[in-house]
Each structure stands twice: as C-alpha cells, then as structure tokens.
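Below you'll find a set of structures to go through.
One chain, subunit A, appears in both complexes that follow, with subunit B as partner in the first and subunit C in the second.
Moving on, here comes the complex of A and B:
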C-alpha cells in the first residue's frame, strides 16, 4: 500500500514499531499463562523458579473441575448437533426464498448475537425459573443453541451461495424426495463448511460464560462458570493450567479447520 | 405482452415457497424461545412485585437511585473509552497489515486473531496475572526504576478498560483491515505521482476510503461494549459498575428481580438509542460519500 513512498523509511519504522507493540499487547495475556501453569510454586512468580505438573494434576484430580469439564463437553457437543442442522435448514430456506423474506429471517436469526449476553441471561433465567428449570442442562443448552445458530449461519450462508442448486433440481426431477436431496447432495458437498460450522458452534458453547453463570448451577456448572467463580475468589495456578490446555485445544481446532479449508 | 401462467405451475411454486419457508421454522422457533421470549419476559418482570402483582414501583425505585445514573455514566465511559482506544490502536495496525503482501499479512493476522480464539475467562485470567500489584507489569516497572511504587492497574477502571480493549480490538480490526485491503493501489500511485506527500495521501485517499470499515468496526465495538459483563465483573473488582454488573448484583445478591429487569430495560433503551444514532450517522456518511464523488 505504501510502496509508492519508498523514501519514507522513518514513517514505515514508526508504523511497524507501533504495530508490533499492539500485536504484543494482543498476544501477551494468552502467552503469559503458559509458563505459569508449569510452575512448582503456588505463588504466581514469573519466570517460575522450578517447574512441575502439579497444577495439571490438581485439575485432573479435582472432582469439581472434572464434572465441569464433562458438562462443558456434553453441552458443546449437543449444541453443535442441534444448532448446525437448524442453521443448515434455515440457510437453505434463506438461499431459496431470497429477497425481503430471506433478509427478515436473517435479521431475526442474528438478533441473539447482537443482544447483550447479560440480557439473554437474565431473561432466560426468568423464563426457566417460571418452569422450574433453572440449573438444568436443558436451560443452558437452549441458551447455547440460540447463540450457536447465528455463528453456524455465518459459515453456511456463503457456502450455500456457491452451491449449484440445479443439482438438487435434477435429483428431485429424477424422483429423490427432499430428505434425500438434502442428505445426499447438499450435505456431502458442503461437508467442509459443515465441519467448520460444527466446530464453531462447539467453541461458541465452550466459551459461553454469561448465560452459564446465571442459569447453570451445581452439577451442571460449566467450565467458564467455575472459572468465573474461582477468579473472583482467588487466583490459583490451576486456572493457568486449564487456560493453557484450553488455548492449546482451540488453536489446534482452528488450525485443523484452516488447513482443511485450504486443501 | 401478457404472460399467462399455468395455474397448476403457480400452485406448485406457492407450495415450494411454503416448503422453503418451513425449513426456517426450527431455527426461528429456538430464537423465539431462547432470545425473544426472554427479552419480553424482562419487560413483564419489570412491572411485577416480588409477590407477582403489577406495579411501577420498580421503575420509581431504580430511576430515583443515584447508583443507576452512575452505572449509566460508567457504561458510557467504558464503551466510548474502549471505542476511542480501539480506533487509536487498531487503525495504524490495520494500515501496517494492509501494506504488506497478503501472504505475510495472513500469517500476522493469525497472531492478531489469537485472542479471539482464546476463551474470555482465560484472557481475563491472563490480565489479572499481568496487572496485579505484584504482577508482571508492576514487577517490570518497579524493577527498572520507572516507578517507585507498584501502580494500581487492576480491580479499577484502568484494568477494566485494558481488558475490554483487548477483547474488542480484533473485532474492530477485521472490517478496517478488509476496507484498507480493498483500496485500489492505483489511486495511491496516482496521488504519489502527482506529488502528494504521504500525509496528504493518508488524509485524502486512505482515510476516506477506510471510513466505511472504521465505521463498521466502531458499531461492532459499541454493540459489544454496552452490555459487556465478564471483564468489568472480574477486572473491575467490584469498584467498576456499569449496568451489566448492577443487573447481576440486583439479581444474584439482592434477589430483586424487578430492579434487575428495569436495569435490563435501561440497557435495551441505550442499545436502541445508539442504534438510531448509528443509522443516522451512516446515512450522513453515505450522503457525504455521494457528494464527494460528484465534486
């Protein structure tokens, strides 16, 4: 962009120096927890004087954390399994209807992603309280699905726009019913986008904290809820170990998606 | 020319349209159940006493409390402060990224997006570790002799603002970077060949053509900042109380569903006001761009 100005070395150095500082700012909090998680001391000293795996043992040995991990993984899986088919059907619908109808459906489906989490959380809490469902897995699940549907739609809509609908019409004219046309033609061709959508929906549920904080409780507490509660009480290096594992898993998932999309 | 449509075909087309419409129903149902119904329920709850009778007492109580108004001010200070810092930090970073080859920029973007892929509580924990009284940054500051005493960086407004900027910056950066990437390089070359200085090119070519991206980025930052909860709740240490943490306290600590709902409605009204202002601003912006192209 600035190659027309090869002699403005100073401007370039200042710009890149500034950019490097901002990038360091962005990465710092994610990276700083990694060495801490391997510390042998329960003080948050940096760099640690001695290394150990005790905080990882602490995490995997704790019944409370393991229950939360289990809840979060179950919730993430169920969220993805429900949200992605719902989103796929809605995206087919928007793709075929087009025009104002599709635009109105889309704006309704995107509402949850621009509504502040705290409002969804207390509203859902009231609704669930009236049905005596606060603290159940179901309550958190509907909250997570409603947040994952727009995320999945954002991945699937452009993929469907590239899809050649004539294939479905050909299949239909040859006698395939809709279920067969969707399951046999659309799903296999969109498999990479569907995989991305599934992983994004899973991550949305895994990272969702505000609804969990208000609606989940007891045995059904999620990882973010437990982390939130323990961050308010004290800073324990166990959370550094969890954070490191968590980031490693997410980076791995994102890399897989990115590489698959490239190939 | 008149086109006659076979009534059987027209009926078929209508049937197909109904079928496609029905495919949206599951997703629309879940949004209705888990997003729209809850918001309506907040409105209903705001008019109920603890006993379940209709009242406007909740509004009287919340709107007459000084805490509410200070929460409103804190919400605006946090959101606008976050937005201002995002523009200051994000625009030059987007410019730097847009000025290198796409391949290099993509690798750098992956690092920039790392926080976006880090769980919010992980990042909040990272900031606690960095900003505490005996944390890494204070250790570096006192160790190097820059400050004699550790600075109060967290459990206050500063810490909350740092955490929020860190969350919003990648979201702001994406549209700005996209807008800058889309700028036709020939425009810059043309300006340069006619003798424009770098400063003039920035002012008259790059910035006007990035304005749309900066505007979209700003909308995203404002929408997310207004109701942000986790960062103020943890990094604010109870001392920074925007509407979101007030809502939580009303609900969890005082079991006061009515006040929590009224505060929630205030948040909705604030969002709506900002939405209207942004729409007006966008219309103005579009208008000006048209004018500029005519000039």
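Moving on, here comes the complex of A and C:
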C-alpha cells in the first residue's frame, strides 16, 4: 500500500499516521487492562495510583479460578484433538467426492460458524438437557467441537485441494492401507496446515463463552464463563490480571506457531 | 519372482451416461508386455485403474492368476504401478521412497536398505539414494518411480503413460530401458500410452481401444499391417482407406470389392518395384512436402479422394522436380494391400 506513493512524503506520513491510529484503536482497549491488573486498588481505576501483584496472587490462589483454568485448558486440548482429525477426514472425503455431494457436506459442516452463537447454545442446551448432560465437561466439549470443526475445515480444505492425490494412490498400490496412507503420506505433508488448524481449534474453544455460559456449571465452568460471571457479580482487578495473562498466552501461542512455520 | 497372467472378463464401467468401459475382455499371459493404446477418453486409463483397484467395475471380473481381485483393496493386490506424474513422496528422500513398500511389509531395516540400493542400481541411480526428490530431473524421477514399483517384487506391473512428460530423446532411451527391465524381471506388464510408435516399439501385443471398447488385440506388426477396423488403421499411422473401385490391378485382373487399406509408405512410383499382382492408383499431384527421411505426396484420385504417398528420400530421385497438377500413378505391392471387413470400414 505504502509503495504506491514512493515520492510523496506528505502522503506517506498521512498513511503511516492513519495506520497507526487504526492499530491504536484496535489494540488500546485490550492493552488498557495491563496497567489495571498491576493496580493496588480494590477498584478498576485508570491510571492506577499504586502498583502491586495482589490480583495475580488472588487469581493463582483461588481454587475456583484454578479449576476454571484447568477446565479451559483441558477443553481446548480435547477440542483440538477431536475436531482436527474429524475435520481432516471430512475434508478428505469432500475432496474425493467433489461436486454437489461435497458442497452439501461442506454447507452442513460450516453451518455452526454462521449460526448465531446464542441459537446454537440454546439448541445445544435442550439436546444436552434431554440426555442429562447439562453441566458436564462432555456437554461443553460437544459444543466446542461443533464450533471448531468448521474452523479447522476452512484451514484444511485449500491445503488438501493443492495436495497431489496420486501420491495416496501410489502409497495404496505399494501396500499401505487407508490409515497408513493418511498418516504416512498426507499428514506429514500437511503438517503446517494441521498445526494451524489445531491452534485455531484450541483458540476457538479457549475463547468460547456463550455455549459455556449456557451449558457449563460449577466445577466445569470455563475461564470465559467465570470471567463473565465475576464481572457481573463483583468488579475487582482480578479480572484485569486474568485478561492480561489470557492475552499474553494467546499472543505467545500464536507467535510460537508463526515462528515454527517460518523455520 | 513368479509373474502371473491377468484375465479381464466382460468388465464394464459407466459414469452416469458416459460409458468408460464397454464389456471389455482381455487375457494377458504371464510375463507378457501388453500395451493399451488409444486416444484420450478411450477407456485405457480406466481399465488400468480398475486393475489397480482404484476404479470398481460395474460388472465383470478381474483375475490375477486364478484369484478374483475385482473387489480386493488396492494395497492387497501386490501390483507395482508407475503413475504418469510419478507421484513420488516429496517429504522422503530417494532411498526412503524406494524403501517405502518394503517398510510397509515390515522388512528389516538393513535388508530393506540393501534391496532399495540394489534396485536403484538396477535403474542406474547409484549414488543418488540420499538426494531429495525435488532435486532430481524428470528422467531421474521416472527411474525412482520405476524402482519403487519393482522393489517389492510385484507379480504384475502397471504403467500409466510413464514417459509422456519426458522430452523425445529421453523418452526413446527410457522405452528401451523399460523394455529391458521387463525382459530381465519377466514381470507381466500392462502399459498405457497414446503414442503409437511407443506401443509398436515396446510391446509383445497391443490392444487398441476406442470409446471404451477393445478394437483389436494383436502383435505390433499385425496391428500395423492388418488392422481389423478403419479406426485402428487410421490411428496406427498414415493410412489410406480406399473405396472399392478406385484401384486397379497392375496385371488387369479383377480387384476384390472390399474397402482397402494401404499405408502411405507402402507405395512406389516405379511399377517395376511392385509385382503384377500389385495395385495402381492414378491421380493428380496436389501437394508435396519434404520431411527429411522421406517425401510426402498428396494425390487426388479421379473420384476426388485424396491419398497420401510417402516415398523414402533415398528412392525419390525425381520428387524434387515433380510439379503440382501433373498426373501420376502410385503402385503398391499386393502384400501391403489390406482389405478391411465391410462392417468395420
């Protein structure tokens, strides 16, 4: 974008300024919680008058928050472990079937990503209630997998479209059954896309709040649910400390994956 | 290594209303080199993929030896396949590609390595074992694909236009080498190509296919000289299909009332080089072209039909001086005049 005006200094300065403003507008609301989290005050105040780590202590010392963190990490991992293999197999079958069949499978699989989250959550609540699964980890997991599958599919479909299917036929003719052809030929060559899909599925689960609010409860509350509830019931800077940690974790994970992809 | 015969028994395959294979039957002997030859869309690749196990026939049976493999999974058929684009595994080096089928068969590592290296030597790729596949030339990739398909000693080998991506000189070298490899291993081979010359050079027998059917199956010489249908005659080379009545016998005897096939290169311009039982065609010279090893003359017969006459440059002393528009006669010996059965013409 900037290369289009190499000789016009004023235009360059205006463009840079505009870009910086957009970045600030997007980033600042997220970053404002960082100083808040180090505040010594009992209230959310900006700028803080004194600094302390008491809200981080409060977070790590709280059994409720630790349980929620554990639940969220377990859910995120399980969601990725289930959604990505499922999405890979679904994408392989869509890739092989082609035509109208593949298009209809795709639209069914991608529906959860278009449906408003609240509708999905209400629907899931009734389905799980009938099975007496409301409040269980399994119930939330089902919801998260349903949301993560379309995300993983969107990453994997184009990668499979570029893949040379003759290689799978060659492997099959050389004696590989389906599992070995997929594991030994497709997976190693799609590892970067699979890594991205895994990350996206993990983050989808980590970030999800609506389904968790409806379906998770008590010991199985996820971080986003507990954050929502604590914001409603008691406002103290613990929430800022958690948000800061949360943002740091996500940025770290994305950075690690991005760096691994480069190397 | 014991190679096996293949029986293809009334195999049909349709995709919607498109018939890819129309009741195809074919027996291939153990150790034979058979080529499926035909234009694109003739069904030759579909038939090969049915043998490989990637296309399930709608009806009919496929036998390997006396074992029915029609519904057997591809990985249980023990058939070596060389794909058109080679389908090498880019995430493995040359040695790992060739050792892959052995690893799948749980061959001990040391033995697998040694067999893979021996096979690489057989296809003249010694010293490239540790190379990355991406660093190989087209010809080298072709050889790796070949090595990978024979290293596990399959009883049948299928090749799908394996040379179509190579340039002309390399293609001719590889034709010779693949045939030599086949003779060394004695492995039943089915080879798919659309290149007539390649089929003639390499095969024990050729099955010419068109529109999902086998038009003729025979030795290269008989396919070329004695085509049973007009399609085969024209597909195999510069064929002139001459209607009954536009030909006369040199000795004046009666000519059969059948459609005749005379190849362009069967003609002579000198009646003395052809016996009395040969035939003569009279017409007007329309065009002439010098093609290096020969001259191609286009003759318009009196009925209006055009006939291609190909004269070797060594025998065509006067061709350069022939002027278009002049009346001339071309002669063909009786042995080179082939009658195509009425229904097939």
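Definition applied: the second predicted complex is superposed on the first by the 238 of 263 C-alpha atoms of A that agree within 3 Å, B and C clash if a C-alpha of one lies under 4 Å from a C-alpha of the other, contacts with A are read in each partner's own complex, and residues count from 1 in each chain.
Simple rule for what comes next: a residue touches a chain if its C-beta (ideal position, glycine included) is under 8 Å from a C-beta of that chain, and two chains touch if they have at least 3 such contacts.
As the structure is a computational prediction, the values presented were derived from the model and not from experiment.
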{"item": "Superposition on subunit A - do subunit B and subunit C clash or fit", "value": "clash"}
{"item": "Touching partner for A:185 - first (subunit B), second (subunit C), both, neither", "value": "second"}
{"item": "Which superposed partner A:175 touches (first subunit B, second subunit C, both, neither)", "value": "second"}
{"item": "Which superposed partner A:115 touches (first subunit B, second subunit C, both, neither)", "value": "first"}
{"item": "Residues of subunit A touched, compared between subunit B and subunit C (which is higher)", "value": "B"}
{"item": "Touching partner for A:167 - first (subunit B), second (subunit C), both, neither", "value": "second"}
{"item": "Which of subunit B and subunit C A:16 touches, first, second, both or neither", "value": "first"}
{"item": "Common ground on subunit A, meaning residues reached by subunit C in one complex and by subunit B in the other", "value": "none"}
{"item": "Residues of subunit B defined as touching subunit A within the complex", "value": "17, 19-24, 26-28, 30-31, 33-42, 45, 89-90, 92-93, 95-99, 108, 110-112, 114-115, 117-130, 132, 134-136, 139, 166, 169-170, 180, 183, 185, 188-189, 191-193, 198, 201, 206, 223, 226-230, 233-234, 244, 247-248, 251-252, 257, 260-261, 264, 267-268, 271"}
{"item": "Subunit C-touching residues of subunit A, taken from the complex the two chains share", "value": "164, 166-167, 169-177, 180, 185, 188-189"}
{"item": "Residue numbers on subunit A that touch subunit B, as the complex places them", "value": "1-5, 8, 11, 15-16, 18-19, 22-23, 25-33, 36, 44, 46, 82, 85-87, 89-90, 92-94, 96-97, 101, 105, 108-109, 111-112, 114-120, 122-127, 130, 142-143, 145-146, 149, 153, 178, 203, 206-207, 209-210, 214, 224, 227-228, 231-232, 235, 239-240, 242-243, 246-247, 250-251, 254, 258"}
{"item": "Residues of subunit C touching subunit A in the complex", "value": "52-54, 73-75, 77-81, 83-85, 87-91, 100-101, 104-105, 148-149, 152"}
